[in-house]
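The following pair of complexes shares a single chain, subunit A, combined with subunit B in the former and subunit C in the latter.
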Partner chain A sequence: MLRFGRVLFKEAGTGISKTLSEILVCPLSKQPLRVCEKTNSLISDSIGVSYPVVDGIPRLVPSDGKIIDDEEASNSNSAVDPDAVKNDHQRCSS
Partner chain B sequence: MDNAIMSAASLHRTLPALPGQHSRPVSRSKTRLVRCSNERQVLFDRIAPVYDNLNDLLTVGQHRIWKRMAISWSGAKKGDNVLDVCCGTGDLAFLLSEKVGPTGKVVGLDFSKQQLLIASSRQHSQSKTCYENIKWIEGNAIDLPFPESSFDAVTIGYGLRNVVDRLKVLEEVCRVLKPGSKVSALDFNKSTNPFSTSFQEWMIDYVVVPAADIYGLANEYRYLKRSINEFLTGKELERLALNAGFCSAKHFETGGGLMGNLVAVRYGYIP
Partner chain C sequence: MRTSSIKFWQRRLLAGGGIWKRLYSTEIADDAGQSSKVKIFDRHLKRKQRDRAAWLMQPKDSLVDAVAENLLDRLEDCKRTFPTTLCMGGSLEAVRRLLRGRGGIEKLIMMDTSNDIVKLCKNAEMRMPNENIETSYVVGDEEFLPIKESSLDLVISCLGLHWTNDLPGAMIQARLALKPDGLFLAAILGGDTLKELRIACTVAQMEREGGISPRLSPLAQVRDAGNLLTRAGFMLPGVDVDEYTVRYKNPLELIEHLRAMGESNALIHRGKILNRETALATAAVYESMFAAEDGTVPATFQVIYMTGWREHPSQQKAKQRGSATISFKDIQKQFGQSDER
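Moving on to the complex of A and B:
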């Protein structure tokens, strides 16, 4: 069970808050998503798909996702546990 | 007497899913929109601006009462984390926001980008700070992007009738509800009473469609009668909810029998 906490959702332009990303999962695999600020998207490492965030609204209809090609995948971390999310976030942002 | 706007806004959900629409995306390195989605976007662009005004006009404000009842039946309370599926322009989400207060969280999910943009702009145009606890997600009701046991309550307003796979939606809703929590689904009532049915059809033909015609949306609203005919009765909805995994389900008729509200509880409820 997830704990939402008392932190208000934070929106920075078209960005997405980490808090929001923590309550969402991939609509297909139901596995956690990680934020990629570089592409302003949510990454499902479990199935290699990224979902866009537009005007602060995550687009998690399965057909909105796009398959991450091998080159993009090699720049990403495949770990999906919460601790890895933080590391991936930093790597993606660099 | 009806929430024609919400129903019309959900027209796209009645269209059959194209191959791959609810499965893994097919394009590599670029996004390819499904044609059906494009058509739905055009439809929503056309209808979205008049949604709320037509709601008030056609129901003489009654839809607000039915929605407040739906919120009450959901059991949502202060501090809860709640979800509104098929949120459209956000009517139920805003009511939920007031109910759960600033210590709670509301997620509004809808298939339509334009509906969500209107919901978002309504949110930001309001002065109530409690609306800051609402987050909008574009998603498909049959593939909810939330972990199991995420929410203290779920509402669906005029959405269940229009989704492609009602059983799957209820299964997903059951999955994301915390044990012991409820879903409250408000919609038109498919009555077994011939008088109610006739009156409902008469209202659509002689009140709703002419009103919608003013905006050039007569065809969209004529769809209502067929969609209600194809919907499930209260008893059938109760059975569907039980098949979806809920431990109890009850359908209440409101609005003089024109509307109905399904309330179902996920297992684990201790009275």
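Moving on to the complex of A and C:
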């Protein structure tokens, strides 16, 4: 998470600001969000939903969220498992 | 808890007109008592209306500015500062513009359900930045607050919360997002708002269509506001009311103004069609019943200001019942005699 934070802080134009990444949570589960730079979205692992970031403004309205496809959804079921989350991270950042 | 919520909404709905009670109670039966599922407002439509309002909005709206100014004035009454602040819904831009360094805000987060309003605020901030405030923007829903628990010092909501389906729920979420001893400041429209329009709509619809449909939202009454704060768990609740009367050249201008504020009808059970005849009749009734001598028509806006704090050990509290050691009779003996004179 720290790594993402640093990257974001540098590229404030494309990503979201440090203040936001510290404060924002998933609106439905109130669990922390993960930044996915590839798809430019915020992902809530606990419920397997991704929220888009448009022009540096995160859209955290439940109706804007997209349910992530089956493969990732299965990961989300085992979100408590740190390995699954790590794999997800790698796939996302690669 | 559930029944009290139902009671509250019923009261709110009753204020909006008798027809509502019936519609509402059938919904309760359908939902088997799940009060959180009761939908009064179409939030999706409200979002669209606010998108449209972003384009119609005047750079300075005297009513909105007066409310925002009044709300922000309360920050000067507190000695403490509020480094991290969330401003959600309603008239975001007016709040940001009128802040003028009050409250010692360092980080300001602006949130609204409408993408276009958030963009508008962002563009306005680029043109006229607030000094020493780091402003960030989020599109979010007050009913699903995307803010981490205990992370804010202040939540401001200026004229937005009266469109939430679950007002107590939204306020509870705001309380949870606050740090202990954090302040919640909100302005909502109260039940006397647009009473002239309410009357005109009813009269015109009765005359032209032989029945009425809900054209105006049910709004919270002043007496409910205190209960709301207490129910949401805020400490040291404070409620006060202000009435603004805005004068328009004609009733259509009022409707235009409402549209520009994003305050158009967004009820789920609204009449989908507005009959042209009825609309014109409403305008005519409005003018004949309420117009002043100079031809202007007044519209009342009742604004309820609510303040509440998240609990903190340093706050003053009432002592527990039965913990008193002195009888009131003794107090009266001490002080009462001088008053009796």
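The rule we apply is simple: the second predicted complex is superposed on the first by the 56 of 94 C-alpha atoms of A that agree within 3 Å, B and C clash if a C-alpha of one lies under 4 Å from a C-alpha of the other, contacts with A are read in each partner's own complex, and residues count from 1 in each chain.
FYI, a residue touches a chain if its C-beta (ideal position, glycine included) is under 8 Å from a C-beta of that chain, and two chains touch if they have at least 3 such contacts.
Being a predicted model, the structure only gives us computed values, none of them experimental.
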(message) Clash or fit: subunit B against subunit C, after overlaying the two structures on subunit A?
(response) clash
(request) Name the contact category of A:Val49: first (subunit B only), second (subunit C only), both, or neither. (result) first
(request) Check whether subunit B or subunit C contacts more residues of subunit A in the superposed model. (result) B
(message) Once chain A of both complexes is superposed, is A:Pro58 in touch with subunit B (first), subunit C (second), both, or neither?
(response) both
(message) Looking at A:Leu28 after the superposition, I want to know if it touches subunit B, subunit C, both of them or none. Which is it: first, second, both, neither?
(response) both
(message) Let me test your reading of the model: by the given contact rule, A:Leu20 touches which partner, first (subunit B), second (subunit C), both or neither?
(response) both
(message) Show me the subunit A residues, by the header's touch rule, that subunit B contacts in one structure and subunit C contacts in the other.
(response) 20, 23-28, 30, 32, 54-64
(request) Within their complex, state which residues of subunit C touch subunit A. (result) 44, 47, 84, 107, 109, 113, 115, 118-119, 122, 134, 136-141, 144-149, 151-152
(message) Using the touch definition from the top, list the residues of subunit A that touch subunit C in their complex.
(response) 16-17, 19-20, 22-28, 30, 32, 54-64
(request) Write out the stretch or stretches of subunit B touching subunit A in their complex. (result) 20-31, 33-34, 37, 81, 103, 105, 107, 111, 113, 116-117, 120, 132-133, 135-140, 143-150, 178
(message) Considering only the defined contacts, which subunit A positions touch subunit B in the complex?
(response) 1-2, 4, 6, 8-9, 20, 23-28, 30, 32-33, 47, 49, 52, 54-67, 69
